[in-house]
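A, B and C label the chains in the order they appear, each numbered from 1.
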Amino acid sequence: MDRYLVQRAGFALLGLMALMVVLPILLVIGTIVVQGGGAISWEFLSAMPRDGMKAGGIFPAIVGTLLLTLGTALVAIPIGVGGAVYLAEYARDTWLTRAIRLAIINLAGIPSVVYGLFGLGLFVLFLQFGTSILAGALTLAIMTLPIIISAAEEALRGVPTEFRTVSISLGGTRWQGIRRVVLPQALPGIITGVILGLLRAAGETAPILFTVAAFFLPRLPQSPFDQTMALPYHLYVISTQVPGMPLQIQFGTALVLLILVLSLNVLATSIRSYFRRRRQW
Amino acid sequence: MSLNKPRRRWSEFAIEAGIRVLGFSSIGFVLLIFLFLLREGLPLFFEVPLGNLFSTRWYPTFDLFGILPLTLGSILVTITAIAIAVPLGVASAVFVREVAPGWAREILKPMIEVLAGIPSVVLGFFGMTLLAPFIRETLGVATGLTAFTGALILAYMALPTIISVAEDALDAVPKSYRDAGLAMGATQWQTIWRVVVPAARSGMVMAVMLGMGRAIGETMAVMMVTGNAARMPLTLDSLFRPMRTMTATIAAEMGEVAQGSTHYHALFGIGIILFVLTFIINLAAASTIFKRRRRGGLR
Amino acid sequence: MTQTQSGPKIRIEKVSYAYEGKPALRDVTIDVPAHAISVFFGPAGGGKTTLLRLINRLNDVVEGTHMSGRVLLDGQDIYAPGMDVIQLRRRVGMVFALPLPLPGTIRENVLYGPELAGVRDRTRLEELLSRSLTQAALWDEVKDRLDNPASALSGGQQQRLCIARSLALEPEVLLLDEPTSGLDPISTGKVEESLYELKQNYTIVIVPHSTQQAARVADYAAFFLMGELIEHQPGTEIFTTPRQQRTEDYVTGRFG
């Protein structure tokens, strides 16, 4: 029957298109690993940049990105998880709840560079934090919120309703049930969501362009009000703004950023699958 | 049981009030963002005549603030990216959900998550150093930094969104639909395209819209690979020439403007346009979600 | 708790209840005597479970409901403003149709309620643990593995664990909603045996999962049909000599 021939050809075509999605990913990662691998050395990771960044290491950029991510986590985790608890456990289906959901969807859709503008307007200028880690971390935190809220809410909703009912029937208040039963059960899912949100923050450039990033700053920041270098911005700078930059350093920087982000990615997905398998319900 | 009334009721009250505030905070942030964009961007409309704003030349040094080339640039790049990403994304989603053997799914899903995790600047860097030269040589154009190069990178950045939303949509189609299709003597291939995909239509539309929102707002990669020439894309070959988007304009120029200058206000003005544009796209996408929720009687 | 022994333990007074406009209970009045097993039985959708959940105000968390009438516990209206609902739920325990152990160990499950109630004393907690597990006829089976996950127990053991968990709060009333519906006959027998023991000290209301079970355990039996209380009698009379035709039809298996 020729329609089965059509089916076979169709499936092959679908497979081919899926391959076209996957191959470029492998190509990007493969190229960066191959070309950048040679640049990675202890000095590259732990030294200050020298010679107008054409030699030395990228240590301050790594530290800056870690600090920014940490700051983002400190702000975004409590707000995001709290917001998710509200939506999953307390919110009723009212117009206000719908407005919150709409707001979250929109936060998720706002372009990263617009977050940058917002951070510049509110934190850097209006609140006079200046271009600083504080301003950048706050900007990144708000950008990260929708990711954390959505993931945490999904994790909370995954916990069977019966646990809440049982807790209440045993004389627990609603909050006691949440804290002692629901949150611990949802924790792996929440952690996964938080990591996915943070890795997004760690890799973003546009929101920190005008809020924190220092073009070249060969020392470590001393306070949250200091500027800092950051890996993604550093990669942007050395690949577009500095003529004569050795290609190997560029690829090396890209590789370090890629490793940082992808290892967080792997961490998040392994936590998720590990606990999915272990779950009792 | 001898029970003293727990003293913790008050602290609980405080915690629950706090959670409530955090729940509402998202609305606050959206309003705050809009407010500050307006605050810094609105003066533009008093400083620059509308005729200038809607002209075809963006040349801030000479007080020319025509946003048309930037807007058209964004639209061209976004539409091209979507035109590339949608067939690939829908095909991949159908492949993963309906056709692929287990092992292929085990490879594809994590790969797509990896793609979603690659920072924009890394893709931009890859596009600049490898993709652009490749495009210049294959197409024989003057420079590889073109709208097409940007669209290609953008397409891949939009793919994870499109694939995952489309997959969810396919997932939501009841198994009975598939059984019914097969029972009527259709092949699996026919069932997929005549029954399953049409049934997942609204989700597919949402996938396209969210992918579009993602593409139009993308900044770094686009800025690094499109060549950043603010020209009107009116000729047929525009796709293979340098181009500039709204996002790239903000990112590239904000560092050099004097705070409070007209140029500064203009960049925030572009921010307002982007905000409103993505707001509308996401509103449209969200309305399909809410419609589906209500029909499904969730909660 | 001091109380007057004269009245019934629980008095349901002209209770009507509707969920999203659909009536679930119509004008139900019934007395539940102390230290006895009362059985609410009848076909599904008759309002038995709803009534049970009203007695410890578990339906408070459900949206879109409307209730009228009064529910009195020791003569006190539990729906009166100012009623401490948390305290009420500690006095009135609930066991659900499916065994629902909380995630965690056997010990954590049993002591969940007391710990929420603020009991911190170690010896007191140990005492509650062993006593309630003994009362639920589970102690001998689990005393050597109290720190194992509760989910590792069999279905019947899990359900007795849930009974023990309610008993650990030392309630006055124990409500059981088809507590043996998922269990095999042997486990069912064990649960029923533990109920006979428990009625010395507790007021028990049970929605049985079959008419046979109703006849086995009832000291008092009430027949519910479509939200109405049809008939309420002491002992097993209702199963042998029902006064109402509708009860007889159900008991003799003509419908349901």
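Convention: a residue touches a chain if its C-beta (ideal position, glycine included) is under 8 Å from a C-beta of that chain, and two chains touch if they have at least 3 such contacts.
Because the structure is a prediction, the values reported are computed rather than measured.
Need the central chain here, defined by C-alpha centroid distance to the all-chain C-alpha centroid.
Looking at where each chain's C-alpha mean falls, the closest to the middle is A.
Which interface, named by its two chains, has the most contact pairs?
Chain pair with the maximum contact count: A-B.
From subunit C, which chain is the farthest off, judged by mean CA positions?
Computed centres place B farthest from subunit C.
When the centre of a chain is set as the mean of its C-alpha atoms, what distance in Å lies between subunit A and subunit C?
49
Would you mind pulling out the distance in Å between where the CA atoms of subunit A average out and where those of subunit B do?
The mean C-alpha positions of subunit A and subunit B differ by 16 Å.
Approximately how many whole Å separate the CA-defined centres of subunit B and subunit C?
Chain centroid spacing, subunit B to subunit C, equals 54 Å.
Identify all positions of subunit A at which a residue touches two or more other chains, and write them in rising order.
Correct list: 173-174, 176.
Two or more other chains in contact with one residue: find those residues in subunit C.
Only 86-87, 90, 117, 169 qualify.
Residue numbers in subunit B touching 2 or more other chains?
In subunit B, no residue touches two or more other chains.
Help me check something: in the complex, which residues belonging to subunit A touch subunit C?
92, 162-174, 176, 180-181, 184-185, 280-281
Under the stated contact criterion, what part of subunit A meets subunit B in this complex?
3-4, 6-7, 10-11, 13-15, 17-18, 20-22, 24-26, 28-29, 31-32, 78-79, 82-83, 85-87, 90-91, 93, 96, 98-118, 120-122, 125-126, 142, 145-146, 149, 173-176, 196, 199-200, 202-206, 209-210, 232-233, 235-236, 239-240, 247, 250-251, 254, 257-258, 261-262, 264-265, 269
Spell out the part of subunit B that touches subunit A in their complex, as residue ranges.
Spelled out, the residues of subunit B in touch with subunit A are 9, 12, 15-16, 18-20, 22-27, 29-30, 32-33, 36-37, 39-40, 87-89, 91-92, 94-96, 99-100, 104, 107-108, 110-115, 117-126, 128-130, 156, 159, 163, 187-190, 210, 213-214, 216-220, 224, 247, 250-251, 254-255, 259, 267-268, 271, 274-275, 278-279, 281-283, 285-286, 289-290, 299.
How about subunit C: which of its residues touch subunit A in the complex?
Residues of subunit C touching subunit A: 56, 58, 61, 63, 86-87, 89-90, 93-94, 96, 98, 100, 102-103, 112-113, 116-117, 149, 151, 165-166, 169.
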